[in-house]
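What follows is subunit A paired twice: with subunit B in the first complex and subunit C in the second.
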Partner chain A sequence: MSRFITGPFRNALTLLVGLLVLWQALYWVVGDVALRSPLQTAAFMGRFMTSPQFLPHLAETGRAFGLALVLAVAIGLSIGFSLGLNRFMSDVFEPVLVAVYSIPKITLYPILLLAFGLGISAKVAFGAIHGIIPIALFTMAAVRSVRKVYLKTGRVLRLPPTEAILRIVLPAAMPEIFAGLRIGFSLTLIGTLLGEMFASQRGLGFLLMNAIGLHNVDLIMGLTVLLAGFAGVASAVLLSLNKRLQART
Partner chain B sequence: MTRAATWRTLLLLGAVAALEALCLAGVIDRITMQPPHKILIDLWRLLASGSLNRAIAKTLGNAAAAFAVAMALGVASGLVIHRFRRLRDTLDPLFATYYAIPVFAFYPLLIVLFGLGDAPQIFIGAMLGVVAVIVNTLNGLDRVPRVLLKTARVNRLSPLQTALQVTLPCAAPFILTGAKLAVAYSLIGIIGAEFIMSNGGMGYEISFAYTNFDNATMYPLIVLILLVSITINIVIARWEKRILARRGLA
Partner chain C sequence: MRDVPTPLVLLRGGEKVFPPPGPSGRPVHALGPLDLELRRGEFFAVVGPSGCGKSTLLELIAGLSTASRGEVAFEGRPIRGEIPDGVGVVFQEDASFPWLTVRDNIAFGLKRLPLPADEKTRRIERALAMMGLASFAASYPAQLSGGMRQRVCIARTLVTEPKLILLDEPFGALDQQTRLLMGDEVLNLWRKTGATVFLITHALDEAAMLADRIGVMSARPGRLIDVVETGWPRDRDSRIVEEEAFGAITARLWRSLRAESMKSLGHAGAAA
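Presenting the complex of A and B:
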């Protein structure tokens, strides 16, 4: 048990130290023109995150991401369940979902902008599209692989369909569904940020693009590290939850 | 064609027809969307005029460069990481969370480092693809039968010879899976970067047309990119299936 805790923890720590050393070395090579050292970045972010101009942008991105995630989970799960419970429907739609999964979705963003206008709703829609497909694909596969005996037992006990889904399919497919939700979480975040970077008036992605125009290297470094760090930590937490969920079944 | 495939085709055709009807009836106005038949006519006109050739060549060329870098770096790193257990354990958390990190957030930084040219785009494309290649290479190397490695040792092959003649060919189907992902990722990386900020390429042309409300150029380009990426993905998926079938893996 102790190895289980120290092993991954030690690895993550080594990795973190390694990345910091690499960053510092890169800074020494490139210099002040294009990079800042880890310490400078941390000091700058400390100042910037307490300044009044940071919070509205963070709130905007947070709200867009939150809404997109709620939509992605709701729509992804409903698509996944309705396709997963019907063999023929999933045969019809799975290749379409896989094809959409692999295309550069950014090309669709101008269409969303024209449809929703330049505001939070286009960003939310774009983030949600990124998240819906993996959640739907994983849920579909998970629901399809639930053992038939369970479903038969439910039918024998005359559970109504909603009860059967809530009490049998959902718990049985949970670990795999959670894996989909984890990937959906990351992709929704990526989609939301991508939307903000391409065309937006507010939010962290906008701030990042704006910083190029101003050649504000401090801000670029700080935001990049903040976003990558948040995504990395969130994903690591979800991954460990996922592993625990899988170990339970 | 199977029954599912027939239904799929019919449904997709129905969706396009519905879009056409909605556009022609004026439910979706012309500023938002063009009717599909007009998009196809515009696409043909654009391709025939040759005005897009440079953008297409630039995008596909950069994507190919990003793919080549991702493959070379990914397979080489995979071979090295596979030999050092400790290094692999350390890098594992990075690989597990890598695709959760918004790689495009690094694009501004790369522009500052390399300048606004092809280099930061290729870098982003390669960065997106390389980890998929590494992970799949490691996966393939894990499955090389021990007896083959012993045979290599008996025949006194050097580490390089062992890699080239034994381990890599043996791990090839898995590396191909990585390659398939790397193709998709390098296209996504290049086009995404062109969208955000660049001075040429298909993504740039779309974003340029978007800012000019030039729907007659924007929609055909979007359709073209979708067609190109879907075609490439289908071709590679077929190829992968054939190779896996030959090895008896699928």
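Presenting the complex of A and C:
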């Protein structure tokens, strides 16, 4: 039995229990006005998640996030590869990307709303914008740092360029690219939710904003826990995949 | 018209100058001018002080880089930056792919060859056995020692059955005993395949034991200052280190190299 509770799993469990204890303690100090206890939140979420209004909002956010993620990964990888494979281009565009990355993305939101309207596309675009640049920057650095001797090996074996990219550059750069994908994942999620919070009629972000407006503490806490839980689990899964990739090098 | 067969590789006035490393630096004259001829089927070794341009020479022959001046020809055809068919290279650095198992690393060499699957399997098994890697076929390079990873790279080159095998200090990471035994394996392979072997080494005894001819290079920019014929029979092995001629060859190599090695260490005055 205790055999199963070892290593990273035990660490995660310890962290979880620690957070719950902290939460409960905070609840005792602050009281009912601003917080709910873990148990109350769980009970509320149990009811809320089985109510008919929950699923459509979840589906909306899931769809927006999924689309944004696909876009961010596809565009980020393409930019990263084109720049990484070309020394001159990457020297020129890296500072530009870093500069764009440091702009608070929220300043772009009005422009996006004008371009895409209030529907799902604005959220998707806003989510993707958050993810593209970190994925591109990580991919570019990863591709550039692929050891020259691997590429020479490909040339001696007379691989055509596309095959050399697929069979050598991609796997060689994968551990580092994956680190970029992990960060891109979190930022795209944040971007999508922010998009929903500020201009949308549907989705978990919209529900959260609404709950804040109505001071619905139950719903605020419930949604926060739900989103944090999702991000935490996803991040843990990606991290363990990343570790497995890195273990080989 | 001519009864002399064309050499497999012919280098005439080959030189390599690298562009300056920084905006204020000077161009690096790494190699040559150098004339070299590799005869079909011979075992040619190159020794030279460190940094004299041995790897640079290998890349010119492989077609991995172009000569700044001079000509390189493979089977009578000039090569300018494109890799001729039938050349295999084992690099000085570890070039095993960490994301593939030992077996998949070796199989990678066969990716582009239109061979039936069972022939590929046969070649891979034979290379695994020859390089002593059979029990590590499913391991990843990270689980192997440096010397074993280098053997993976040799095996990956062998399966393509190249006409010309270029080896850049492949046994640098091995201990002396293993080096002698690997030397026997390379000799075996050279005899069985009939390939031409070009071997860079820093060990004079290794060159003296393995090669038909040994080129001695000067300090950078590397030129050939001596070519020593060993006159060994084709079916030799590491036991020739006991022969009298072996000592004489090693001594001659060292005589040619001593002054050059000192130069490359910066003892220019002591060279006389």
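Convention: the second predicted complex is superposed on the first by the 243 of 249 C-alpha atoms of A that agree within 3 Å, B and C clash if a C-alpha of one lies under 4 Å from a C-alpha of the other, contacts with A are read in each partner's own complex, and residues count from 1 in each chain.
By definition in this document, contacts are C-beta pairs under 8 Å (C-beta built on N, C-alpha and C of every residue); 3 or more make two chains touch, one makes a residue touch a chain.
Note that the structure is a prediction, hence the values are computed from the model and not measured.
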item: Combined model on subunit A where subunit B meets subunit C, clash or fit; value: fit
item: Angular separation of subunit B and subunit C about subunit A, which is computed from CA centres of the superposed model and rounded to the nearest 10 °; value: 100
item: Touching partner for A:V156 - first (subunit B), second (subunit C), both, neither; value: second
item: First (subunit B), second (subunit C), both or neither touched by A:A99; value: first
item: Subunit B versus subunit C as contact partner of A:L118, first or second or both or neither; value: neither
item: Touching partner for A:V21 - first (subunit B), second (subunit C), both, neither; value: neither
item: Which superposed partner A:L35 touches (first subunit B, second subunit C, both, neither); value: first
item: Residue contacts with subunit A in the superposition, subunit B compared against subunit C; value: B
item: Which superposed partner A:A59 touches (first subunit B, second subunit C, both, neither); value: neither
item: First (subunit B), second (subunit C), both or neither touched by A:A74; value: neither
item: Lowest C-alpha to C-alpha distance for subunit C against subunit B (Å); value: 11
item: Residues of subunit B touching subunit A in the complex; value: 2-4, 7-8, 11-12, 31-33, 89-94, 96-97, 99-102, 104-109, 111-113, 184, 187-188, 191-192, 195-197, 203, 206-207, 210, 215, 218, 221-222, 225-226, 229-230, 233-234
item: Touching residues on subunit A, where the partner in the complex is subunit B; value: 7-8, 11-12, 14-15, 18, 30, 34-35, 88, 91-93, 95-96, 99, 102-111, 113-115, 183, 185-186, 189-190, 193-194, 197-199, 205, 208-209, 211-212, 215, 217, 220-221, 223-224, 227-228, 231-232, 234-236, 239
item: Contacting residues of subunit C [partner subunit A, same complex]; value: 62, 64, 83, 85, 87-89, 91, 93-95, 97-100, 108-109, 111-112, 140, 142, 160
item: Partner subunit C, residues of subunit A touching it in the complex; value: 147, 149-150, 152-153, 155-159, 163, 167-168, 171-172, 174, 247-249
